[in-house]
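Both of the next two complexes hold subunit A, though its partner changes from subunit B to subunit C.
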Partner chain A sequence: MNPPNTPDDGRRPTAGAGAAPPIVEAAGLTKVFPMPAGPVVALRGVSLRDDSGESIAITGPSGCGKSTLLHLLGCVDTPTEGSLAIEGRDASRLSDFERSRIRLTKIGFVFQRFFLLPMLTAWENVELPQSEAGAPKTARRARTRELLDYVGLADRAGHKPSQLSGGEMQRVAIARALANRPLLLLADEPTGELDEATGEQIVELFDRVNRDGTTLVVVTHNPILANRARRVLPMRSGRLIMESPASSIVAREEGA
Partner chain B sequence: MTPLGLAWRSLSREPVHAALGVCGVAAVGALLFNMLLLSRGLLVSFKDLLDSVGFDVRVMASESLPTLGPPVEHATEAARAIRALPEVEEVVPMRIGRAFTASAGRPEIAIILVGCEPRGRGAWRIMSGRNLSRGQKDGGGLPPVEARAPEIVVSKNLAKALGLEPGSRLRLRAAVDGGASAIPAVEFRVMGIGEFAFESTEEATAVTTLSALRLARGGTDEDEADLILVASRKKHGAAAAVAAIQGLRPDLHAFSNEQLVSRFSRTDFSYFRQISFVLSSITLFFAFLLVATLLTVSVNQRFGEVAALRALGFSRRRIVTDLFCESLLLVGAGGILSLPIGAVLARWLDTILRTMPGLPVRLHFFVFEPRVFMLHATLLAFTGLLAAAYPVYLAARLPIAATLRQEVVS
Partner chain C sequence: MSIRSALALFGLTALPPCAAFAVLSLAASPVVPAAANEARGPAADISAQLAASSPSDPPGVLVSRQLLEESGLAVGEVVLFSADPRGARPAPFRIVGSYEPRPDPMRLGSKRLEARLHLPDLIALMADPSDPLASESVASVNVALHDRKDAAKFSSDLISRMPGLIATPTAPPPDEADPFVVLERFHLAIAIVTVIGSTAFLLALMAMRADERRETVGILRLIGFTRRGILLEVLVEGLFIAVAGAVFGVLFATATQGIVNRFFQWRYDTALVFVRVTAPIAARCIVFAVPLGVLAGLVASWTLLRRDIVALLRR
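And now, the complex of A and B:
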């Protein structure tokens, strides 16, 4: 079975090669939402570094800032303070179009509510980001077939989202997120709308995606999904608190 | 998937909405099409009518319409002088008078009796029988023409009213100064039945030679013309002929067909242009409201998807293009559908307007010109783009993160 990012595709060195910049590196991210009733501070100086091939789970109570952090990492929002670098490039210096381009080609998004286009088939949903990225038709066809096969939905290619179950929709959404071979896959509560058994299939799939070389950041309440991650980052009130000991930033930095 | 393809799929997910939108645009587009046909229809039709006679310059003694102003005096001499101009190909003086039928035992019918050489044939078209003979003056071995009953071509209306056919006899009494006179009636031979370009449905027209008309008017030696038809030479054109005639006879008034049409467009026909402008604008405003409402509602329902597409890397420009394409598809489909509807509607309205009394039969209010297609398409496309502006603005300004969050929270 073809992985989403084959190690031999030669696009980037694998984890631990040393010289390459981290895929994302956030320093002192703060996000304040000015509201009529007073500013809401969603993030308070979050620093995070995500190297190639890693998997991170961000957990924490509702409203602690997980989605906000994910949106900043995914370049769909800008921090009030702090800096973010994508592959060493300062994200604050990028135009809206360049940020779109980075999201299109380097970052994949998986949403709690799937957000598949309801009028398109599974195949078309997976093909859409590829045509937006300008991939030639034959390459798109091969990649779409490969991905639907990868998520186990080769036989549902012609089905529309309304004809798929929640788990199947999320698998199509994961295939879509992987369409342009992103370096980083971001997922916000990807099992939030699914029952436990279905959620577990999705957990398996994320695990496989990560093993096959895609760096992963998942925001989740799901302990099974969180525990599969190499690093678990609990959050409280806009701050990352201590990491799970197995893979703390401190431990990594000491080892480096 | 191209923006147009995606727009098509987006519209087809709410087929009833889309169909309603297309029908609305089709109805509005049909009205717009009609207004555009109306705005210049009468002018185009009038120009066609003038051109159909085959003469491109008209000479009169004043600026008034023929018969409303004084006639051209010494018409034969004026015609000869004009014909001698190098810019001029052909000259036909015309006299337009009135007469009453004088058939025993039948009510009198007032008719328009035109005196003209057969060369003025463009003003009428023979439907049955034949035209006035050429060269009646040099009859050769025949008796002098005035000794026989003079020839006449009658209009369909007149033929129908009196049951005339080629070979019939028709007695006419010329009217002088608008009323019946003591001049004796003259009997004419009906040569043919014709269609007269400028005849209206309730008029009856007949044409005979100038000399026969003179005879019918009691043989007075008047030499006047209400109108001199002039055909310019191709290589010179109407404008040059007009200039030459004005140079030769500053006392006369020469007009090319274009000049007559533009005179009318400035005065008599401008109502239609104004009405058409006002109604077109209102029509376009309705199309704008319709499409803008449909698209705004549709975009509002799709905020989550739009935000997701943006998060997946679709540029703002791409989202905007998709929405403009949706608008253009709605307006395009409606616009195409509006053409046959508009054509049928125009026909119907034209029939209604043409029952107005006193109109030449061949004059139309709704006339198709190729430029109407272009204008119709351009106006609708522009309206479509304008209508998409607000929904496009909403989608382009959509805050991605906040929208994604709202979609989950709500």
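And now, the complex of A and C:
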């Protein structure tokens, strides 16, 4: 089966292969939401570096700022303070248009709620970002077929999201996130709305995506998914508290 | 032959120009050959009808269709006309035909109970019996022309043919007084109010529709569509819908104008045309509607696009 980032695209060195800048490098990220009832501090100085090919799991209780961090890393939102570099480029200097291009071509998103376009079929959902990126029709067709095959939904290409199960929708969402061969895949509780068995299929899929060369940052409560990550970063009250081997963290989360 | 009714009412106002020529040409045919010439068509028919009555018979008269229907009269019958509201000094006339009064928007509410007489008959009927010269003279005659612009030429022509006659064009009514100009302004005002009102309504509707699209726009922004790209989509979509809507509106108005006209013509018993969709009107509609429709779409979309992605995707 074809990996999402096939070797022939030849754009990226493998993990730890030398001088290439990290895909994302965050330093002192702070995010404050000004609310009528007073400012909400969601992040308090988070620093994070994610090298090519890595996989990171971010865990922590609800409301500790995991999603907010993911939004900042994905150029979906902007930090109140701190710096963020995408492939060595300062994200704060990017225009809205450039940030859109980064989301389109360099970063893939997978969310708990799938966020597929309900009026489009699985095929069209996967093809859409490629059209927007200006990929030629034949390339789009080949890539879409390859991706639906990769996530095991080749036979559901013509189905709309409403005709798919939760696990199938999430697999379409993963295929869509990989459409333009992103450097980085960001996932926010990707198994949150799925039953355990289906969640495990998704865990397998993420594992394969990472093994095939896409850097991964996953926010999750799912210990199995967290366990697969090379690094687990626990978070509390807007801070990354420590970095520890996956197994010990998961054990402590479960004990809490 | 039976004299069925004595009618104390008639009107001679708002004679169609051609009929005025007809009356005038019978009374003073040598004077206005040009005018009589101009009044071929219906005027010639009326002249023929009026002339059809024989000298011994009561003089011929034309009555309006409305008068004919209202009084249950028929062509060929003899009626009594009087210039006096109490019916004093009636004179017999034979109905030789009927005519459709020229529709006049200023007289929409009133029944067009009118008659047209030969000028000498009219003078005789209106004459004051105590004045022996009353039927010998006429102080003034109003002549309506097909084209108001001919007035100067017509009056100088008349003066050259009848020395001593004073013929002056009446001042053309200022535009404000022309009922059609007034009506047109009224329609324009209604149109502007309607367009503004429906634009506001459309905007509210589109804002609601846009809110239904909140998540869709959020997803598009999330996966990397630019604001400009989405606005462009909306623009194209809005343009298409606005053009389709405007064309539909014009086609609908064109298709239903007959029904509207027939209803109001029946309601007011007139031949007046109430609605007519002309090419300039259709063009004006489209020129107004399309930019407004597109603008409404853009404004509605912008209310979404200016929000940040996280807010768009929140439940």
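Everything below uses one rule, namely that the second predicted complex is superposed on the first by the 243 of 256 C-alpha atoms of A that agree within 3 Å, B and C clash if a C-alpha of one lies under 4 Å from a C-alpha of the other, contacts with A are read in each partner's own complex, and residues count from 1 in each chain.
As a working rule, a residue touches a chain if its C-beta (ideal position, glycine included) is under 8 Å from a C-beta of that chain, and two chains touch if they have at least 3 such contacts.
Note that the coordinates shown come from a computational prediction; the quantities given were computed from them, not determined experimentally.
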Problem - Clash or fit, subunit B versus subunit C on superposed subunit A - result: clash
Problem - Partner chain(s) touched by A:127 [first = subunit B, second = subunit C, both, neither] - result: first
Exercise for the section: Would you sort A:76 into first (subunit B), second (subunit C), both or neither based on which partner it touches? Expected result: both
Handout entry: Which superposed partner A:189 touches (first subunit B, second subunit C, both, neither)
Key = first
Practice task
Report for A:176: first if it touches subunit B alone, second if subunit C alone, otherwise both or neither.
Solution key: both
Exercise for the section: Applying the touch criterion given at the start, work out whether A:96 contacts subunit B, subunit C, both or neither, answering first, second, both or neither. Expected result: both
Practice task
In the overlay, answer first, second, both or neither for which of subunit B and subunit C A:105 touches.
Solution key: both
Practice task
Mind telling me which of the two, subunit B or subunit C, contacts the most residues of subunit A?
Solution key: B
Exercise for the section: Report for A:212: first if it touches subunit B alone, second if subunit C alone, otherwise both or neither. Expected result: neither
Exercise for the section: Report which listed segment of subunit C has C-alpha atoms clashing with subunit B; options: 7-15, 79-87 or 205-213. Expected result: 205-213
Completion exercise
Residue overlap on subunit A between the subunit B interface and the subunit C interface 71, 76-77, 96-97, 100-105, 109, 111, 113, 115, 117, 128-129, 132-133, 176, 180
Fill in the blank from the handout: The answer for subunit A against subunit C in the complex is residues 71, 76-77, 96-97, 100-105, 109, 111, 113, 115-117, 128-129, 132-133, 176, 180
Practice task
Write out the stretch or stretches of subunit C touching subunit A in their complex.
Solution key: 215-216, 218-229, 308-310, 313, 315
Problem - Sites on subunit A touched by subunit B in the complex - result: 67-68, 71, 74, 76-77, 96-97, 100-105, 107-109, 111-113, 115, 117-120, 124, 127-129, 131-133, 176-177, 180, 188-189, 192
Problem - In the complex with subunit A, residue positions of subunit B that touch it - result: 1-2, 6, 9-10, 12-13, 304-305, 307-318, 399-401, 404-405, 407-408
